[in-house]
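Here the structure is laid out as structure tokens; the discussion comes afterwards.
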């Protein structure tokens, strides 16, 4: 299993959500993060333009079975792209074990609902 | 304008003034119109409280308190960073507490009382300290448009007296004394030590606010005698605080992470609530400054509201044209600038004058805040000088142009045939700038030496909420 | 009800009415009771400002401003998503600024002034544009329960005049003109372009609000002449805005991510603060609409408070029974619905009538919002139609049933032997619905064509705060 | 103090009192001073509404509502955890709705009406249920400093009557009845079932608040007859609610995760807004309790403000000295403690008395909250007992010491030569403590048995917002 | 060392906290996240029932020495379970290095207080 | 590539930011977390001292190429240290793949701007 972490623009969130549903990702988690860098975004306060180093972004975190990594990454990549600086990054890392709290199931099984998966097939 | 209407209009009548009672031919004539159906002219009646005026002034007093807490507190508090909001709120609350006590202890007496000899035009005495000798049913010796014969005569001339309890006047003025040092907070937000701030504010109220209030509003004040017009505190409150703000901003130096860049407000809805409560409360401030519930109050209300609307709209347009998008912080700032600028003029100008003042103040303050401040490079955190100082100066000067006899017959500005008024206004503005500037500088040096004013690097980085008060505004858990 | 009490009650007395002055036998009789101890009947006294009435009306005016900013702004702002709150606040602020100026420029004259010929029942003229000819000490030509002889006579009959300054009446009505377009915001929140919104709102105030206010409240208005009762603006304010809201919601189409599901409010404490400030300010709105500090004001206050309490409680019970749990958003919504419904009735119904109106409005609005809206599928974001439109219609009709002569002797509803009143109310409601509906539709088409009204998909997804104003309500850092 | 001034000062004059009308030699004498220029003594005039007094009292009524929502709601709501704020807000809103209805239904009649026989000193009857028989132009039978001859005579002595509409008095008192049970919320916040809470609050208002209000404020009340002084509700409101709070805190047991540790407030800016609105609204509460816009109102305003300022400052100093840093929560708490303590005294003490009361209450309450509570180990979540209970007790007792004839000639405390007053105060305090304590205990047992009062472990851990109302205060998305 | 990330219900947070203390986990970090999925939770706004795809959850992050992984996972699993849909997931991944900022210590040592550990034994 | 996650005091955030810029870290992300432990921080509410188990911290997340790990860790370690309990921790873990959303680049290349890197040299 792999963990896919994506840092995306807030404005692309709806698009990414849709794209993920389309490739069959049922569940993911996200939270607000602040990106901080040398580059800046312009902001105007009381007529005074200032350059903010702080940029608000969403962090998405999705754990998927190995076979789903590529389609997930691709879905995010396509949906989150504007082509301008600041579109964000995707990081993939390894997950050694996964447990579903409700049932205690572990391993890749914990990641999907059997019933659901079957339905989709 | 002095709160004592009479002597400025009858300067020619040489008469010995009682410190706080007034001869009032003119008011006397207008009396039947005011008194609610009282047959005052024919029978001798004891002077009585006018319950309508009193009702309005009690409410106005409460409204001015609301301007400081939570109005100004939220307006400023929303503009700073999350780690500093409590410090700003705390400063507003503690100033409210401390200056209120100072005011009954001696402030009122110094500002509105009288003293003898050469000091008389500059500062009052201590005879009213702790409100000594002021009784529950005493009427206000100060009045503007609405008065009544006190029953006393001086040289056969009836002495006039106000229609509200003296205590109401003291309370109303107390709230002005409270908000003025609170306005300065905007200049040094995010980097001042709490202890030094507290001592500075108290001394500033004592040594800067009280005298300037005496100059302009006491019957003995030298600017009042010159005929300077300041309906609700453009000079006494806004220029005074604005200049002090500039001096503090420069002396305290920049915030360590300022680097020429502004910092975005942490909670703009709070800024909006604050601005709205300031707008609401300012009706007490301005429409209350006539000390009566009459046509003058209505007119001051109208002027205040229209100037504010015009200023808010103008700032939005400037934001739109120059800054690309109209911003809420801009509209809120414009509204406050409009309120500031109309303050000295509210009881003297008509609706057109108010509109012009509103438009102009946004043009000037926008220019100050967006262009001048960054160029000059001082760090006036929340533009206390840019908005209150500049807005107050502009308003005081424009009062000298736009004051129209259609509102108060006795007062005209340059555009209504009395260019002299503009000169007087210029003088009053200059005197206040010099006194406030020099006085604040001296207080800064003293307090900084003795107690320290600038927060340490560590305190500033951690945020003043945590470092000064040990509190965090918002928890992130539960 | 027209603000001019007289002619509706004395329709039989054929007399030439001055546009805004009144013959008043009846008021004259009750005068000694009102004037504070004045021996008015015996001597000829100049009409005078009543300071008590004026004090109350100044405060009431400020309270109605508070309803819009920050009251309604927070109520609506808390209900939208975090990315759209500033847009809502900004809309409320800019409307306050722009409509206030429009009102002195021509709105007041169009709504409350008089015109000649066939237009007279439908719209006023421009004679009061920029408050031309209105002086600081003029008394209000409009009054309800409290008036005095103006000193003028027409055909030997004394002409009555109000007891507050004319300017206060203008200001009080200004705040009504401000809040009405602000109410519509609820219908198109989260998806409108700011520029189009601004132009639409101004045109709407000019072409929809002003005429309807004239119809109902001006002495010349055709609905006033028919005897339609609208104490504080059920028709003029709430039905008018509510219908416009419905039209806008339909025409602007759904939010792109609406999909038949509501979206949870982002800051419910703001909703609660907003609702509480609306409740508080509404006392100015309703109890102020009698234009005096008297028994009628007290009665309107009582009716307002009790209807609101009953509506809030009823909504909580509905939530509890139908939705499983009583919610704060529900109680706040119920309170606002109660305030809306009692608005036209406040000065005509007794405490029992108020209670029934409060209970009924929550039943109706709950049903609208929870069942009808989802079925019909239009996206009235914050239920401006569901609450203000429906609540206003219900209130206007129930006024025709519950108006009791125990409150104002001249007005009775169907339950007190005057079924005719209900028919008149029905007519007034229908006329307003048609005019507001058609007018709003036309304005929508024009403004949409020329300036564009719907935000783009990108703007909507990003949030209007960022896309329209370049601001974020809350920072997540520091 | 009874709201009927007369009989307490003229206990020696044996006369049959009408239930709610008053003989008033003394008031009669002071009448010319009050009536606005009315030549009352010479001609028989019908008693009239004083518009000034009425204007002020309408506003004061609205201000007292503002204290509960959103004032107290935010003050308490900011102090609890994020997961419980809506529950607190909801409790304040629903109490406002329910108690308002209870008040017109029977509460007012029970508290301020009269009954026959042995019950008369303890509770009123039902004659005013649903305000039966109270007309729109009736004048208030209750008054304090300002009254007028009603035109009726009893045994040749003119019967006095108030100057405001009876309905205004009913509404003003209604807001007191609303806030009192709302204060108790502080004691059981974060752990009570909503249904049980609602039933408890209603029963408490009926069976505890109404009788105690009758004892102290009705002309028939036994504590009033004894001469107990309670200007604005120290006994009726604060001690009453404070003791109920203590009983509830003990009976409901601790929050499950309390473990002897306090929990930091989740939104301190809300605490500050709440405290500021309480301060603002309290002017209606205290300065309104004289039922007139006169010198007594001004004096009560002054005493209120100064006591509050002194208490806020004192608490800040205690925080600074003992807790190392001055905190905003401390200043806000101090301000509220000051407001509580000055409540019974506001119309009896001068500025020095007010200052001493302010300092002392912060000393006492700080000690209670910081030392006594942790030792005793009950979980009074937001210190409803520590602040309101203790503050009320202290204020009631100090009134017996500091009441000075300089304010109201008829009332003196021990320091002004009338030690008897202190004994009476002690008795009133004790009676209230016993009745409220025992009564609350009984109500707790009954309601707990029948409906359940304590939230389950799961509900408490999840937060009451989610478990009781199905809502979350703030969203974290969008 | 392993990192254990657990997505749990807010309502079970107190229970999980207690459970972790019991098995000797002295310190952990958490933050608010939003879970987004095809399944929904019902919410009622103004009487209108709507199905929210957004669910508020806590993300717990705990880095433990290898020998402690199992007991930590078990503790969370037991304490966070309600048995109903939405109980959440536990993910385990590898941590290559750990440093204690205060002392500069690195490796597993950085994870516990020696003094403390000794006491407990 | 490695992910460096650091839990630091809020008060040291400015220092850490500067230190990272100095060693050439252009971009990083952070968010607010709550640390929860047996140890406590003192807080005073209404004069009553209480010991809070909840401590507010910042979580920094930086993904760097392998050669930059040490200097990044060292920079944080030095800048975030006060020497008192509660300075926080740094965790290093492996990242298998990185993508730049804007361009679709993957691998270590996705982590820096070529132009930028060149300039600096």
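Labels for the chains are A, B, C, D, E and F, by order of writing; each one numbers its residues from 1.
Here is the rule we go by: a residue touches a chain if its C-beta (ideal position, glycine included) is under 8 Å from a C-beta of that chain, and two chains touch if they have at least 3 such contacts.
Just so it is clear, the model here is predicted, and its values are computed rather than measured.
A rotation of 120° superposes the C-alpha trace of chain A on that of chain F, rounded to the nearest 5. When the contact pairs of C-E are matched by residue number against B-F, A-B or A-C, over half are shared only with A-B.
Contact count check for B-F and C-D (C-beta pairs in contact): higher for C-D.
Per-chain Cα centroids separate chain C from chain F by 55 Å. Between the CA-based centres of chain D and chain E the separation comes to 47 Å, rounded to the whole angstrom. One finds 53 Å separating the Cα centroids of chain D and chain F. Inter-chain spacing, taken between the CA centroids of chain A and chain E, is 20 Å.
Each of residues 31-34, 43-44, 54, 93-94 in chain A touches at least two other chains.
Within chain B, contacts with two or more other chains are made by residues 35-39, 50-53, 55-56, 59, 83, 263-265, 267, 273, 293, 323-325, 327, 329, 463, 470-472, 475-477. Within the complex formed with chain C, the chain D residues making contact are 35-40, 43, 45-46, 48-56, 58-59, 61-62, 65-66, 69-70, 73-74, 77, 85-86, 89-90, 93-94, 96-98, 100-101, 104, 130-131, 135-138, 164-165, 167-168, 170-171, 174, 194, 267, 270, 273, 293, 468-475, 477-478.
Looking at the complex, you find that chain C touches chain D at residues 32-39, 50-53, 55-56, 59, 63, 81-83, 146, 263-269, 272-273, 275-277, 279-280, 283-284, 287, 292-299, 301-302, 305-306, 308-310, 312-313, 316, 323-329, 331-332, 335, 351-352, 355, 406-407, 463.
By the touch rule above, chain D contacts chain E in their complex via residues 83, 257, 458, 461-463, 466, 470, 472, 475-477.
The touching residues of chain A, when paired with chain B in their complex, are 43-52, 54. Listed in rising order, the residues of chain E touching chain F in the complex are 3, 17, 21, 26-31, 61, 63, 93-102, 104, 110-111.
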